[in-house]
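Okay, structure first, notes after.
Chains: A, B, C and D, in written order; residue numbering restarts at 1 for each.
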Amino acid sequence: METLGIDIGGTKIAGGICDEKGNIRCLQRVPTPEDAADINAVVAGIYQRCKNDGDIRSIGISAAGNVASDRRTVSFAANLPAWNQYPLADAIENLIGDGVKVVVENDANAAGWGEYRFGAGRGSRDMIMITVGTGVGGAVIVNGQLARGGFGMAGEIGHMVMVPDGEACGCGLLGCAEQYASGSALERFAWSAARRQPCQSEHLLEACEYDRSKLIGPMVRDAARQGDPTANEAFDRIGEWLGRLMANLASVLDPDTFVIGGGVAEVGGMLLDPARAAFSRYLEASMYRQHASILEAKAGGMAGVIGAADLARID
Amino acid sequence: METLGIDIGGTKIAGGICDEKGNIRCLQRVPTPEDAADINAVVAGIYQRCKNDGDIRSIGISAAGNVASDRRTVSFAANLPAWNQYPLADAIENLIGDGVKVVVENDANAAGWGEYRFGAGRGSRDMIMITVGTGVGGAVIVNGQLARGGFGMAGEIGHMVMVPDGEACGCGLLGCAEQYASGSALERFAWSAARRQPCQSEHLLEACEYDRSKLIGPMVRDAARQGDPTANEAFDRIGEWLGRLMANLASVLDPDTFVIGGGVAEVGGMLLDPARAAFSRYLEASMYRQHASILEAKAGGMAGVIGAADLARID
Amino acid sequence: METLGIDIGGTKIAGGICDEKGNIRCLQRVPTPEDAADINAVVAGIYQRCKNDGDIRSIGISAAGNVASDRRTVSFAANLPAWNQYPLADAIENLIGDGVKVVVENDANAAGWGEYRFGAGRGSRDMIMITVGTGVGGAVIVNGQLARGGFGMAGEIGHMVMVPDGEACGCGLLGCAEQYASGSALERFAWSAARRQPCQSEHLLEACEYDRSKLIGPMVRDAARQGDPTANEAFDRIGEWLGRLMANLASVLDPDTFVIGGGVAEVGGMLLDPARAAFSRYLEASMYRQHASILEAKAGGMAGVIGAADLARID
Amino acid sequence: METLGIDIGGTKIAGGICDEKGNIRCLQRVPTPEDAADINAVVAGIYQRCKNDGDIRSIGISAAGNVASDRRTVSFAANLPAWNQYPLADAIENLIGDGVKVVVENDANAAGWGEYRFGAGRGSRDMIMITVGTGVGGAVIVNGQLARGGFGMAGEIGHMVMVPDGEACGCGLLGCAEQYASGSALERFAWSAARRQPCQSEHLLEACEYDRSKLIGPMVRDAARQGDPTANEAFDRIGEWLGRLMANLASVLDPDTFVIGGGVAEVGGMLLDPARAAFSRYLEASMYRQHASILEAKAGGMAGVIGAADLARID
């Protein structure tokens, strides 16, 4: 059965017809409008352009917001105030008609599911996807099913508190994982080290013109590749915290596989090597159990589209 | 369908026929022998005594050890060295014959499942059981299914690290939840406070004869009830950590229900009130989401028997 | 013997003749020029205006920077780049002539000494001054003498690390006391609490127009006085950390008196009550020792002038 | 001027005549009696045996207990209950007569002073002695004088809290430096690591017969020398915490010299190398200041005798 997968992101909406192998056909890309009704119109437009190309019975939508457990309503979206308790599935179903059924998923969950079904997680049964970007997002698969939680909020692994009274998080808590294993932590750790050891941070300090506010993650990556010890140390530190986070998650869920995605993870071993080492070091009963595989994501930028489409198919 | 549920504990083995409503019939209790073969014989004996009372096709066994994901082998049991990679299901099936199928479950998982199906968790779909005894154990239910993990180790929530470089845990890690939200933490916190404020700990210090090695959890409970401020403070502290642990778990799994069991939890509100308060305080996006129910366990001492029996039935 | 005390601050230079009782005569105030030579000229000008009013043999200068242990050279001043290894005493002595001797002190040390000699610390012998402003500064008096340290850097108590891997400090370390017991911590804690409990932060959120970047310490103070629970909680938290910091300092130096000054401390009990409570709670062997007095500073804005003048007299 | 120095330890009393260069003459050693009066008699006996060998006007006593700021009274001694508010100097002066004056010092202070005057600290002016044994003790010298504190309790540096909610300390606090930079921490860290990586701890586990209660510090030292990685790691960890402790102390007092003594420090570089590295890493403004020397103690077992004698002379 074919379904339409549509990923509504902050800057663009992407969608197309997805088959059961994760292939996309009739892919469309449209800038994201600011208004909720205009977004619905874009979704309907993608459906119209694709509908003669396949037999579409349902649409899976990946939405950047908290999705209620009915999988139809967006409870809250930080970047789109109009999506406050917004009945997104109803609105689109009414606009499209045709008896097409709409299912809404949180974007991290949809992408994690895409990775599970068609990417690095294929063959897994208990998988955790960790997205290391500016923050830390996640998706949790248990017994081959997506864990949405009782109220649709599962997978917010970046807000596990790892350091009591630690770095203040945007969410109002102190010491969230997101403040230690993320791109923003990378910048903070790099700046701290550079400030203390400027002679070991020449590439980085030049790149940001000695200005904290201009320092961004890719500069740390480049400085690490050029050999700045402080930049490498910053990757080691966020890698170590990522490993600790995975060890904590393994105590709860013992997944067979972790898949690490997000922009920061594109550096590969620079992040994953220290993460794997720390995972082993901090895993309970490390010597007496099998260890989860820790893999790089590979479903790419369309993971949300194919994941949402697949979730619309199977549930 | 009726099944036999048997709980092999450190001191006694209990078992009986369980129906689909969680009722037990033909309940047997036998002291636990030291030898693996003798344990098997006890299990077979319970089966023999019960088999004419019902139509038993399968036996669910709750075992105090790590159970492999095949649900037949005990990988490791701290208190029974002979159960090292021990094929428990094979051994019992061979001994009993009759075509009866044996399923083995970790004891915390079996009890958690019993609580989920027939106790405080009835009606839930995503539940986490937390057992607060000397240590902290757990069982995780996701989408109405038990989470066993990829290698049978899910639910070890007591070994999430909550305080980096914190109190040394028996597992070799530092700062595990088990060192902060458990009965042993209760003793440690009570002793620390009593040592610093002896005049506010009179009942407690008298009860343990001013000797740390004689101080046990029930003394703290009694001193708290008699009004020792330090004993009450110790309950507040482990309650606070229990709340923080639940908040961390909610970030990952967003359960609709937490069920709190174990010997320490029998004090009720003295533990649960501060735990609930801390849960709200440390929950991410606390104001903008529904909060899980936090309930006292109520399936009682037979939770493992009925849970194991039920798991043997449904899977 | 009379001496001239001069406090070179970031915005103004103040100075006058000080007698042995801490009285100031012939007080002058001049805006601080940007250039080192111009600053010297201002100091010389103050001397010229005052010299006929008394018999000035020496000048004590309070300087906002690190002062070398020779008490003549400014090693480093964050706000005045020209004062990098700058021989301030030489420069002023050469400019003034007359055989007048110049002694330079770090501004926190000078103010702490003023407080010790003429303010809340009178009669003490072992005193620690803690200045709670945007950051946390200090001055340490041991055996009735100012502790300058082997290299002039004593008293930087705001950079004791209190939370490993804690909040990033401007100095590049993580978890400095300055990030927990300061005005900037007050703002951070208040904002975190307000974000999580907006209905209990109405006065505060209105005052800052719901904008983190507009939130300043005095708004937290006012909101606390108007009854916002979150604002009061923020004062409790920084007070608690201040108490913990004092307990740590007491383990090292066991002062008879702490004097708490700085802008944030002007709220009095709102800060000092929780600080005193936490000090008792975290003090080693609290029950078995005498506790230091914890007093509000009272020497006021001229503490640096009279402290520097006095240090020039006695050493 | 010559004085008599006497060190009253838990198992033996040692004493002799000390000159101004730290030489000892007429050295006596006597087992420590259990009774306070008997201890006084031993002290008087040492005086009688030595008095014809020199012109003794005063006696300095190093006592294992808290000494009041009058330097005459022992407030509290953990190992000698009779020394509770005990007027030790009065008792001995009365017993001896002859107009000899007695001065009492805390043992850590006396030994630290001995090290300052005649050992590794010679030539220093601001020195901190850190004694790394089962616990962590200290002595603080500021401006060439011993810091006793307002109530005689200065130098208890082992009870600075370094990890909030960290390992429980015997004093009732959580996370004291003594639980991280001491011999008991060495054992704990070594055992934790060995438990998790037994194949890298063979020498250690054999030495203690796989029994935590038999594991003592010298076994960790020997295993480290034989190449057990886990034993080396344990030294690295306590070294790192020792470095962090020194960095914290440097923020307060900026000493020119740290002297590290005690049984654990006898391993030399195995402790001091990681301590020095961590000190540099955690020192505020590390790049912009002079760093204290970190030296091994060298006054040896008589440091308390010569230190007490010298303090009796100069004060």
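The rule we apply is simple: a residue touches a chain if its C-beta (ideal position, glycine included) is under 8 Å from a C-beta of that chain, and two chains touch if they have at least 3 such contacts.
Keep in mind that this is a model prediction, so the values were computed, not measured.
A rotation of 180 degrees, rounded to the nearest 5, superposes the Cα atoms of subunit B on subunit C. In summary, the pair subunit A and subunit D forms a contact in which both copies contribute largely the same residue numbers, shared numbers making up over half of all those used.
The chain pair from C-D, A-C or B-C that repeats the B-D interface, sharing more than half of its contact pairs by residue number, is A-C. Computed centre separation for the pair subunit A/subunit D is 54 angstrom, with centres defined by C-alpha atoms. Centre-to-centre spacing of subunit A and subunit B amounts to 33 Å, using the average Cα coordinate of each chain. Computed centre separation for the pair subunit A/subunit C is 46 angstrom, with centres defined by C-alpha atoms. The residues of subunit C that reach two or more other chains are 163-165, 171, 173, 196, listed in rising order.
Residues of subunit C that touch subunit D in their complex: 66, 75-76, 124-126, 138, 140, 142-143, 145, 147-164, 171, 173, 176, 244, 247-257, 282, 284-285, 288-290, 292. If you check the complex, the residues on subunit B that touch subunit D are 163-168, 171-175, 180, 188, 191-193, 195-196. Across the complex, subunit D is touched by residues 164-165, 196-198, 286-287 of subunit A.
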